[in-house]
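Comments concern the structure below.
By written order: A, B, C, D, E and F. Residues from 1 in each chain.
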Amino acid sequence: MSGVRLLDDDELAPEAKAVFGDIRAARGSEHVNNFWRALAHDPALLARVWGQVKATMGPGALDPLTKEMIYVAVSIANNCEYCVASHMAAARAKGMSEAQLMELIAVVGLASQTNRIASGLRVPVDGRFAAPPAAADS
Amino acid sequence: MSGVRLLDDDELAPEAKAVFGDIRAARGSEHVNNFWRALAHDPALLARVWGQVKATMGPGALDPLTKEMIYVAVSIANNCEYCVASHMAAARAKGMSEAQLMELIAVVGLASQTNRIASGLRVPVDGRFAAPPAAADS
Amino acid sequence: MSGVRLLDDDELAPEAKAVFGDIRAARGSEHVNNFWRALAHDPALLARVWGQVKATMGPGALDPLTKEMIYVAVSIANNCEYCVASHMAAARAKGMSEAQLMELIAVVGLASQTNRIASGLRVPVDGRFAAPPAAADS
Amino acid sequence: MSGVRLLDDDELAPEAKAVFGDIRAARGSEHVNNFWRALAHDPALLARVWGQVKATMGPGALDPLTKEMIYVAVSIANNCEYCVASHMAAARAKGMSEAQLMELIAVVGLASQTNRIASGLRVPVDGRFAAPPAAADS
Amino acid sequence: MSGVRLLDDDELAPEAKAVFGDIRAARGSEHVNNFWRALAHDPALLARVWGQVKATMGPGALDPLTKEMIYVAVSIANNCEYCVASHMAAARAKGMSEAQLMELIAVVGLASQTNRIASGLRVPVDGRFAAPPAAADS
Amino acid sequence: MSGVRLLDDDELAPEAKAVFGDIRAARGSEHVNNFWRALAHDPALLARVWGQVKATMGPGALDPLTKEMIYVAVSIANNCEYCVASHMAAARAKGMSEAQLMELIAVVGLASQTNRIASGLRVPVDGRFAAPPAAADS
């Protein structure tokens, strides 16, 4: 099924071993999931992707659960079954209730419907939506 | 540019006119945007889509701003320029800050990257992610 | 495999039970497929989606088989394996022959090829295609 | 705007000139649209793509208008603005009414909604949909 | 699993049998993979698609391995699991190393990230990128 | 048109200014394109994305032009007009000929056609393609 062999801990290059250690520390769990075991064939890529996950998904202007739900929504629209499964589990672990999940699904479905309708009818963007706010970065 | 002519208020069938009135009341604004003016060629479809927007996007287990940001994220992944523009404006109107917007964009970008990596390497879903929680609906 | 548990008939909330009854009546079959059993976790969403299916897929300006084939084509382009399987079965049940199926597949493939070529070469829309007909809604 | 220059008639290689002649004959019109003028940079590719269009879009088990509407639906889901514009014009030229267009749009929107819901909830394919009919090709 | 039955050699129409013979000759292998066995339900479509593969994927201005890697990259972005699996095998057979595969994956992931960021922020195309080179075809 | 204002050099935060300096040095050009001017609203995100571009797109197991063409191919399939325009310009700057461009487009188109055919017919992956090579990483 897998396009590359999933690497066991004892097959890791040193740089990959260090990333796995960091993943375990950050998540407080010994489990390192298959995504990282596939990426470990390229330790530098593994390090870059993990570095971004750490930098992006922590607390910031948005809380971690909101980010996780956005991640799930994008993964659905991009049709990545692996990512839908793993990030839905992550969202649940961060407190997403089943009612919140179903509302998330409802929004994803509705947006997809109106997305295609707007593209199909080639609706021109309203003048008031076309430009960023006058002081977008303030 | 548009695939169908955008209807003016005085061209609306009675059912469409009623929906426009409801849109104006719900939004507290006289402006009815181009999406609805294109959909108005099919008043029954207009009514169904608007009905869903009302039922889905209001307060619930998720707050309206979170839903609006999920809507934006999906619209990006589905590549609907109209919807990205209109729902980004809506999210700003509901209080999304520019810092929140940039974090939203960062999550959408990161998810899209890992989505394609997981699909490209055909990573099998970990056993622990494969099944719903034992009592998913409780 | 499933992201949420599929609900059995005896687990349904009253609103969901009513929708299942309507699905059975409309289809003249006791079988209610997995899609609805997953959606039943949110009875209001279940009712909205089913309501749309009934309103959209019946006879109208297009016949039901043509609509079903369009549904299949979109599901292929959106990469929904579940929907391709279920709506291909529905199209066959409505009379789609195997020769029609193969022609449908040929059109989907050809459109996808030219879609990417046009996007890749960024071909500008011909003036004559850019605007809707003068009296698009008459 | 264009990724390659659109070729005028007097810039065509002989093989491309022959294809343009065939397009004009098949369509009974002097107009050769921008898509073919971009493709003409590679006369062999131009000939292959045009050959497929002729072989696929004519009468068969499906009538030409049904095929054209399927083409539009796929182009919407694949987000090709050029193709949506050009094939919507072609569908209208083949007799698609505005009521048929709006129903087509409604089906595309609904399918896109249920596509994402099914993928988001990772609904497993029902046993009865999983296999082709016993004698699929008879 | 399959939407149509995969045809065995002794079920092929004469035109399909000829194409299978040509596939075997071109590849120097008796194995004809499932894609062609599904397409064989429509011998004319089978012949057209195979004809294109032969015309497109051989040596030209790009070498066959580069083309095969582009094919894999597109298949990932289009989410075709079958095609990712089969063309990754083909790329390996043509000499793609595991280091090259991982770089290919890295580029696909990075492009997908920046694709969504650019679409999400609706970045306008720089003037210098908007037009084709003055003599694009020379 | 833009979703956020494009920042001028004199509006940059110090971290963003440093990244712009690095972009200019790496490319040997004063021009910093719009993508980076939009991203500059979030200097940390700007730095992360630019860091990845540098790490990914340079020489490695694949040469820079091959990577750039893969980038273009993915951008087409993901429908990012900005990225198609900017990376097609980059590929030309790295030596891509017009004949190579047209072959790239031909492969993207063909892959997209067979991707949808395989997904539409739900062709099961051949056993010989399902698993990675025995020693995939050696």
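Just a few scattered comments:
The rule is short, and it goes like this: a contact is a pair of C-beta atoms (placed from the backbone, for glycine too) under 8 Å apart; a residue touches a chain by one contact, two chains touch by 3 or more.
Bear in mind the structure is a predicted one, so any value in this text is a computation, not a measurement.
Taken together, chain B and chain D share the touching chains A, C, E, F.
Common neighbours of chain D and chain E (chains touching each): A, B, C, F. We define each chain's centre as the mean of its Cα atoms; on that basis chain C and chain E are separated by 27 Å. Inter-chain spacing, taken between the CA centroids of chain B and chain E, is 33 Å.
In chain D, the residues that touch at least two other chains are 1-4, 41, 49, 52, 74, 76-81, 84-85, 88, 98-99, 102-106, 108-110, 112-117, 119-122, 130, 136-137.
Viewed as a network of touching protein chains, the structure reduces to a complete graph with every chain in contact with every other. Contact residues of chain D toward chain C in the complex are 1-4, 6, 31, 33-35, 38-39, 49, 52-53, 56-57, 60-62, 66-67, 69-71, 73-83, 85-89, 92, 97-100, 102-104, 106-108, 110-126, 128-130, 133, 136-138.
Within the complex formed with chain E, the chain B residues making contact are 72, 76-77, 79, 81, 84-85, 104-105, 108-110, 112-117, 119-122. By the touch rule above, chain B contacts chain F in their complex via residues 79, 84-85, 88, 98-99, 101-103, 105-106, 109, 112, 116. By the touch criterion given at the top, residues 3-4, 41-42, 45, 49, 74, 78-80 of chain E touch chain C in their complex.
On the chain E side of its complex with chain D, the touching residues are 1-5, 7, 11, 41, 44, 48, 51-52, 55, 130-132, 136-137.
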